[in-house]
Amino acid sequence: MAKRPISNVTLSNRKWALGYTIAGALLFLIYQFLLPWNGLPDGIYRGVYQWMPPAAVNESLVYVIMALGLNIVVGYAGLLDLGYVAFWAIGGYCAGWFMSEFFYFLNIHFFGSVGLDRPGIHINFWMVLIIGGFVCALFGVLIGAPTLRLKSDYLALVTLGFGEIIPQVFFNGENFFGFNISNGTKGIVIVDPIPVGVKNLGPFDFGWKLLIFILLAAVMVFISLRLRRGRLGRAWLAIREDELAASMMGVPLMRTKLASYAVGAFAGGLGGVAFATHVNGVYAERFNFAISIFLLAMVVLGGMGNVWGVILGAFVLSWVNGTGLVAFGKTFNSQFGTNIDFASFTFLLFGLVLILMMLFRREGFLPESRLKLVLNEDELDTASEAKKAKK
Amino acid sequence: MTNVLEAKDVSVAFGGLLAVNSVDFNIPEQSVVSLIGPNGAGKTTFFNVLTGLYKPSAGSIQFNGRDITDLPPHKIASIGIARTFQNIRLFGLMTAQENLLVAMHSHLKSGITSTILRTPKQRREELAAEAKAQEILDFVGIGKWTHEFARNLSYGDQRRLEVARALALDPKILLLDEPTAGMNPQESQVFVDFVRRLVKERDLSVMLIEHDMKVVMSVSERITVLDQGEKIAEGSPEQIKNNPRVVEAYLGKAKS
Amino acid sequence: GGGSGALVIASDLPKQGGSADQSASTNNAIKLLLKQMNNMAGTYEIEFREYDNSTAAKGSWDDAQCAKNAQEHVAAKDEVAVMGTYNSGCAKIIVPILNQDPDGPMIMVSNANTNPGLTKAWEPGEPDKYYPTGARNYWRVVTTDDNQGSAAAQFAKSLGVKKVYVLNDRQTYGQGVAQAFTTAAKALGLTILSDGPAGEGWDDKAPNYEALFTKIAALKPDMVYVGGIFDLNGGQLVKDKVKYLGDNNKVKFMMPDGFTGYPDFLALPEAAGAYLSFTGLSIDQFPTGGAAEKFQADYLAEYGVAPTSSFSVYGAAAAQAILDAISRSDGTRKGVYEAMKTTVIPADKSVVGTELKFDANGDILSKDITILIVKDGKETFQDKITIK
Amino acid sequence: MTSLLEVKNIEVAYGKIVAVKDVSLTVNEGEIVTLIGSNGAGKSTTLRTISGLLKPKSGEITFKGDRIDGTPGHEIVGLGICHAPEGRRIFQRMSVRENLELGAFLRNDKAGVDSDMDRVLDLFPRLKERIEQRAGTMSGGEQQMLAVSRALMGSPKLLLLDEPSMGLAPVLVEMIFDTISKIRQQGTTILLIEQNAMAALEVADRAYVLESGKVKLSGKAADLRKNDEITKAYLGH
Amino acid sequence: MAKVAELQKFKGTRGQIRRQRVERIGAIIISLVLALWMLVNIIEAPSQFAQVAILGLRNGLLYAFIALGYTLVYGIIELINFAHGDLFMLSAVFSSFFITVWFNQDASNPAGWLTFILCLFAVMVFGAVINVLIERLAYRRLRHAPRLAPLITAVGMSFLLNFIGLKWNGSTPRQWPTVIPNFDIYVAGVRINMVTIMLFLVGIPLLLGLNYIVTKTKNGKAMRATAQDRDAAALMGINVNKTIAFTFAIGGAMAGAAGLFYQQAVGTTNYNLGFQLGLIAFTSAVLGGIGNLWGAVVGAMLIGFIQGLNDGLPIAFGQQWSQSVVFTILIIILVFKPAGLLGKVTTEKV
């Protein structure tokens, strides 16, 4: 067995923090200063834009934030959540409500980033982040509360149900019992820019946005790691391992599960607000079941329960989905002089990517160290597979 | 001697089956009592009632003078009734130490924020908990496995870890369900010594379900016999050994 | 800067999922147009670049992808103009970013956005919030939903209709026309049987609409108005309407241009007698003998199939407008922007057969709404309504 | 006597953990052979390998002269080897009757199955009483009875029993061992694992003592019972 | 014995009684609200009620066919088989091509009916073969992987099948003619389409047959045993791989039949049809109680029924809220029946 620290408490977090900071700073420097630099060779400039455009990095980071939240529910506490997109939606609409002119009949400003003459509610981005996080956490508890008696798959169904209901409320929300709560499919467009002290971030300040998203992701990493090592994290693990035994050891199942929902949802809120500023608006159409599954795929593919794995999973999948497939198609066509319409093959390629990655790395890219233990248990199948080999 | 636990007139029914039938049962302080009886007599069911997993159809349970009949399992565990399982149920993918720390959950105070911020108080608390876990692991004799995953331990060590985990709850009563199943006579003997030491050094009472008569007879101060859910005898090992009803229903020609 | 010196116009369309065929056809139409112009606009060599604003995971347009594309348009120094988008929602993300382009503004001309708010005062804050710099860098070659809705209401009244049930597909476009229809119809004194400002939403994922039409039948409307597009399970809607309300002569049936130009729709026996409104002209109403008819024929010859719907041809029309602007510009984004303000494509040159001329908001001037009726599997001219 | 089962130098591992290093044993037709040894010695692993749940890394197993190592479990059952596994492994959500019927899954002689059913129900009247109860709600000992009965329902040539007396009341323990003798008399060969080594050695003809995945000792049961080393280590005297 | 009388009276442990009571009160309240809703509507528009109820149940039956395949596979390897809905979609497209393009039938006449029957066999084989292939290629290797791993593979498979559907059917919905009798009959003013009757006529025997296979046959027993404990099943002589493949085959065949029925009853195919219906099927399966065949049917019919009422009753939320209404009712049901409609709550025995 790998050497483990003598005490969880004295174990330093500095190592990851250093690595993370270096990686983050590097990314920031590249995108903020190197990319706009005029001396950058044209080929490199185009290459970066084709394979790793700044917006793709930012988007991936938002996915990272959310996947980390989902990981707390699915990876840590072992509760299958098929409706995580609901939290994204709620977070997003928090940004929509509190950082735009949506409530045009009001005029509330609180350290917002636009002029005081602008109608609507304009609360400071950083504050909205916190509001979004806590509103989502509250909803996490609300969603969790009626479902606690349920066993895993029934629980999954209830989360799925909420994942359908909440987005539908926003989707039809232009006329929700006579009130317009979401502007329906038209969405709430143009949310306020992010203020960073001296200025507001415009559409081409992606380097700074990147820095902010890196920071938010770091907060989630930090929360994940710290909680994991503490009293609550252990209780989650115990529930994942054996719910009944955990309750017999004095772990209150209800409260512990609710806590995982709440913390997970909190990340959804952060991500939702961040995403709204990323695309400059909130659109109801995004919030569908497919996105919940997409997030789940990030968690599983990356390596459930392992923060770094989940980060990698989120990066890889969001990149493949948004940039990789397109870039691959373009390069393929220009390399081989073909004129294949790759967009029409994305379902095929994306499906194959998921299947193959899972078949060849079933435990995820960076599995949790604990899970590695279980992976060798191929009792029956090894036997029958071996027989086939013999024949 | 006063009783830590008093179960009065406890009955449990499953549909039409009366698995436990009006059983009175007391556990005196610092004692070892045993529950024996034929298969399906209702022993495990009675355990499940004491630990709150099942609720009795009738009767009540008092712990240190407090009525705990309606408390949920995790509350019962946290106020001092700990158990092990007939089939081992450790948290296999957690280390021995973590298994114990989980059991200390209800005694620890730190919440989400203090854990995230790692306040000095939380650090102190965690360090103290770890020290205590180590002490218990040493006590049961698996101190060297602190950071080993539970599922990697050998069967015997897993049984020990189960006991250690239960001890981490700081129980007044420790319920052991067939702890020596799957142990050979040699190991069972070691276990008997361990139970004695437990009672003496940790200020608690042990209640045992066991089919191995050698173990039961040598360690128990009092034995209760259930048959078809009813208490058919109670007394010292000597009395039970010679009780004809017990011999007929349970011991057979009593080879032990 | 660009290597070859060619100027690039980009298209920004959802190429995956439900709109895939539509977008492919639009891109094909533009490619054909460029080919016919030898890839030249005036003295400039033109290259065409396709962007995809949908993703596999969503299977439809993706807001994050729109944001990303917008930044890429700006970053690609050789790009001077964007043709798109298909979805108004996506345009609302892209336009403000192109608007703030330090070298720009960069122009975008859409073939399909019909949401009024993009160009004129509609909802609070619109349209100014999409143009932070104040420059109006967005044009479109189709009319807005409000015009169609009110034209349809006028026509309904002229048919003698009294009671109407309104449905919408819950999308921006569908809701927009349905709402415009509802408002106009109420103003004209018609009774609207459905609740809500835009009528009842239909769920495109529902297997069928039999229960829905059972309910509508019980209300005994004279007409059902459907705001939406055919792709969102419109075929099923049409079939179930006729099944439960009878044919379209008995209870009238009307829909906007989201249903025009679909051979699948016209082939349905249940479509017979349905009225369609259309902003501009339908494919078979394109003036014969002109550029429009020729372009249709060329498309068929080039690709072996007809364009999926008129939106594809409007894509080419949008490209025509852009190319015209480029040809009169100095080849910079700013120049193209300035030139675009005065772009006019006369009716005999336009691939859609009508004049492409824009007002100061960027909206197309010709506000003729054609009313068609489906007869013998064809869209047939019925009426023309001009919006004041 | 001919040898029915022959295990030669098998090595079995769970992933990287080698549980059985080098075990060879022979079971002759009509014998009761017992495996004893402390916890983790590899007894259960050996049995699982014989019944095809695990595949040995090396070594061979022959049954009636045919190689069976690597043959999948369900085919081995077809050859006449039934296994009452450690931990009971009954079908929790099925009734007692269904469990027993599954024990006879591969048999087609309805009459024979019915009479075997009667026979095991007579053996364990408790099962007869609870024939429609969901197996998962039975008590530990009742489940153990069911697991043994289920294996008997297969009417095997060779019966593998993994700690059949675990969790049973003393009266039943006696009865189990009586039953084992009885089954043997009816012509079934038995390979038995027991913690209760004394009792096992009493019914068995021969025994193997396993330690850390290796055969440490073997011989006639009667001899081993007198062996000092054995009595000290496993019989608790 | 005094206890005997007491034993007769005894209805459960105190906890059970309490839970039963809560369940009963909750169930009564919900039923009351639902009943009131229905009653108001019945009084308001009786024949409309009957009409939409029948339509809803008809859709429910369609859902049930998909849900059955789902619950079978789900029951045996605990895999939420996201690809199942897409297999159904492919079957619907297959049926369309089989009848309309390959056999060139577009009207209800004897030739059309014959083609329908031929197609039923063909599409069931089609579904079975594809499903078995999927299991073999994508899921079998992951049988011992962490529980959620095959789920992601299933999502991948779903994309793959979607791709085939997209290429085959095109990106927009396509309309197809119906070849089974398609006229209406009127019963007390309520109009019932022959397709609906045909569906029940063909569908119910198929359901009964499936139920027979699973509960009465040896294969069915093997399936249930494999579902509970694969190793133990092997020790009974059950070929686990074959049994799982068999389950996938049946599930696939049911998806195939569902595809044909859907195509004939509704007449529209779309490449992403499977997604939504797969979701409903999964919901029905869980709502009914995992692995419980009749549960899946009941769950599916209930969902169809509620949707129908909500879509078609004068006093209701309307179609745009159907999904929310369904899921709200579902969540409430699960709160009171935590193991699904026909599932039993079981306290774990320790």
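When the chains are written out, they are named A, B, C, D and E in that same order, and each has its own residue count from 1.
Going forward, contacts are C-beta pairs under 8 Å (C-beta built on N, C-alpha and C of every residue); 3 or more make two chains touch, one makes a residue touch a chain.
Note that the coordinates shown come from a computational prediction; the quantities given were computed from them, not determined experimentally.
Looking at chain A and chain C, the chains that touch each of them are E.
Distance from the centre of chain D peaks at C, each centre being the average of the chain's Cα atoms. Centre-to-centre spacing of chain B and chain D amounts to 30 Å, using the average Cα coordinate of each chain. Centre-to-centre separation between chain B and chain C, using Cα means, comes to 74 Å. One inter-chain figure worth recording: chain A and chain B are separated by 43 Å, centre to centre, where each centre is the mean of the chain's CA atoms.
Distance between chain centres (mean CA atoms), chain A to chain D: 51 Å.
Multi-chain contact residues, meaning those touching two or more other chains, occur in chain D at positions 52-53, 72-73, 137-138. Taken residue by residue, chain C touches two or more other chains at 20, 56, 59, 170, 201, whereas all remaining positions touch fewer.
Touching of two or more other chains is recorded for residues 159, 162, 166, 231, 234, 240, 275, 320, 323, 349-350 of chain E. Within the complex formed with chain A, the chain E residues making contact are 78, 80, 82, 138, 140-146, 148-153, 155-160, 162-163, 166-167, 230-231, 234, 240-241, 275, 279, 282-283, 286-287, 290, 320-321, 323-324, 327-328, 330-331, 334-335, 338-340, 348, 350.
Residues 1, 3, 15-16, 20, 24, 52, 54-68, 70-72, 74-76, 88-89, 92-93, 96-97, 100, 102, 115, 117, 123-125, 129-130, 170-172, 175, 196-198, 201 of chain C touch chain A in their complex. Of all the residues in chain A, the ones that touch chain E in their complex are 74, 80, 146-147, 149-151, 153-154, 156-158, 160-162, 164-165, 168-169, 172, 244, 289-290, 293, 296-297, 300-301, 304, 344-345, 347-348, 350-355, 358-359, 362-364, 371, 374-375, 377-381, 384. On the side of chain D, the complex with chain E involves touching residues 51-53, 72-75, 77-78, 82-83, 85, 89-94, 98, 101-103, 105-106, 134, 136-138, 150, 154.
Those residues of chain D that touch chain B in the shared complex are 36, 38-40, 87, 126, 137-142, 144-145, 163, 166-175, 195-198, 232-236.
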